[in-house]
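These are the structures in question, set out in turn.
Two complexes are shown next, each including chain A; its partner changes from chain B in the first to chain C in the second.
And then the complex of A and B:
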């Protein structure tokens, strides 16, 4: 397609294909074989695009998994509109993931690129990635032989994070009045009992939240001991999180040696059994999305 | 695709299943988005869904996936007026309505301010 268009004018720019880059990986025959089975976000065949030659001291060459996608969907204006469409975004995100995940599943070390990393042509992909080659090599070394597992810890459904102290103040005021039985005593008593009930429920909810965070730190310790690295994600609570067993206390990603994935899962779930107040979900294995970035410089 | 397709989805036009744990279901959209959009190697592409746009989108989605309520508490509510990602919003695009003659530079400045505010909210300590 783009390879062969020379001086032939195309009808409109949106009729041509542009190049979607999915991941950076080492250039190996195994990787080339693995990508050959894959289809991308536009249903297009995926191939390896070589961008950095190996060196004589054994540094392997690098390649990107790429596929041609229609400019009609992925050029600037349509892409901007598409990204605002949650159903398009979901389909594209899942399709992007479906290119990257099977490679990880076959034990191929890779660095996933962010969604919709798109270039005019393959030469531009080579230029852009070659400029970053020195960043990629140490990151690839770090993730080699590892996969990412997610561990989400949920508190009981009625748990709530603690709030400000205003309630306590209210509580003291009410307590001072106890014992003064008046003609309205019974009614006040009902009111006070109601408020006390609210406070009690709230305390219980906060207590169970605190208990859950304590449990979570034990589970995190267990998980951390079995992993090469950990990255904390934000706890999920938005509409996209779907049905959950309770408030999300922690949401972490672990870089786990691929031969101890089962051990990690079993151990973390076993550790979670000791804490009845929490539910634990282990997700993955994922490609090492959360470990494909250079460590954040500490400010 | 070696995993058996589970349940009644077999007949549906389901995309080839990604790398899934044995017996596992497809990952949740939140789990996928927080990885493919928020993590991974960030490298500028040619197509200028430029860093500004994608950063806005990323932060908007972060708010959808994570702490919408928290952002509201902090007084950040502009997405309520943004028809793109809010199912509640029915108002027309206010940035255009209020600023019909706005230059790109002004628009750019507005977006940068929004990003700065969202970043500040986003960096609040995780529990």
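And then the complex of A and C:
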């Protein structure tokens, strides 16, 4: 979320507003009505900015939901400082989300732009987005009638991934060794007994990690069959997302047809019950953040 | 270019953690920091020892000595923590997006 798609002036500093673009959507009367109620990251009113014309066969053209934001916060230099301020970033991300989410909530297909996508003026927005219209059109078609759901799979708290993944990968037969070794280790000295204890704990932790990854792949299969698309994100580490039930094994986003959201949730949670060693969290529905972005035009 | 899914609204916004420099707690904080580093080294040694044992390149006597040393270190760490009213689980550093310096308390 910390991407800075900045296209801010570098030459002449200006105290006029900068244009913040939130999302790309089809230019429909419904969309125009929906954005009229919204306030953006700086409390500014949101409106639609047209940038690509419709086709003759009646397909509506494209527009971006934009709002004017103060240069004092969003010009290149202050923005850079702001982006390092976690609480500013959090507030901005929430406000950004608060523009996008209600539109998705009304069933308006859209492609959320990256956080802090800002342009010097409206002409620049038109230019930049119009250059990518051929990317946006198929992506918009794909997300129409769909929402994004997140599925996070956690292993049990005491699971750890093995240090080297070689023969351990098969994940079988490990239980057997656990008890044996201490049994035939004749007269374990106190030091060796201590080491054996550590090894046993380590093996147990690895076994539960393996069990969790196996369960996760079954659950992923179940979820994938019910979704139009899937994007795997990097599993989360650290506690940025607050307290978690255990190490994050997988962190995926699914593009799910609007009318089967409940079915998706129920099936995934049912699969989670069936397979041992994991806790599953289904989040959403979200705007299709993970399915909205075409590859950046490479310079 | 994958942007992560939107952050689910978390219950309370977390302020960035800083090293506290209150004069009343500075000694304890410093001790905590030092012990955290020592604990990191202890865990690394422990891991290395297990690695060697599993590789089978230690004699039983060596294993015994290594194990005993690690055990004593562990006990001593607990004593030191107790003296400053800390628990081993308290010894950690939040590295933000990188997670924590030490694995979650074992």
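The rule is simple: the second predicted complex is superposed on the first by the 251 of 299 C-alpha atoms of A that agree within 3 Å, B and C clash if a C-alpha of one lies under 4 Å from a C-alpha of the other, contacts with A are read in each partner's own complex, and residues count from 1 in each chain.
Everything below uses one rule, namely that a residue touches a chain if its C-beta (ideal position, glycine included) is under 8 Å from a C-beta of that chain, and two chains touch if they have at least 3 such contacts.
A quick note: this is a predicted structure, and the numbers were derived from the prediction, not measured.
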Partner chain(s) touched by A:283 [first = chain B, second = chain C, both, neither]: both
First, second, both or neither for A:293, with chain B first and chain C second: both
Which superposed partner A:250 touches (first chain B, second chain C, both, neither): first
Contacts of A:90 with chain B and chain C, given as first, second, both or neither: both
Contact breadth on chain A, by residue count: chain C or chain B: B
Partner chain(s) touched by A:189 [first = chain B, second = chain C, both, neither]: second
Chain B versus chain C as contact partner of A:36, first or second or both or neither: neither
Chain B versus chain C as contact partner of A:270, first or second or both or neither: neither
Chain A residues contacted in one complex by chain B, in the other by chain C: 86, 90, 93-94, 97, 114-115, 150, 231, 233-234, 237-242, 253, 283-284, 286, 289-290, 293
Residue numbers on chain A that touch chain B, as the complex places them: 18, 21, 24, 39, 74-76, 79-80, 83-84, 86, 89-91, 93-98, 100-102, 104-105, 111-120, 124, 128-129, 132, 136, 139, 150, 161, 213, 231-242, 249-250, 253, 283-286, 289-290, 292-293
Interfacial residue positions of chain B with respect to chain A in the complex: 15-21, 26-49, 53-54, 57, 61-69, 84-85, 126-127
Chain C-touching residues of chain A, taken from the complex the two chains share: 1, 3, 86-87, 90, 93-94, 97, 114-115, 148, 150, 157-158, 160, 163, 189-195, 198-199, 201-202, 231, 233-234, 237-242, 251, 253, 283-284, 286-287, 289-290, 293, 295-296
Residue ranges of chain C touching chain A (in the complex, touch as defined): 1-11, 13-16, 46-47, 49-51, 53-54, 60, 63-71, 94-100, 103-104, 106
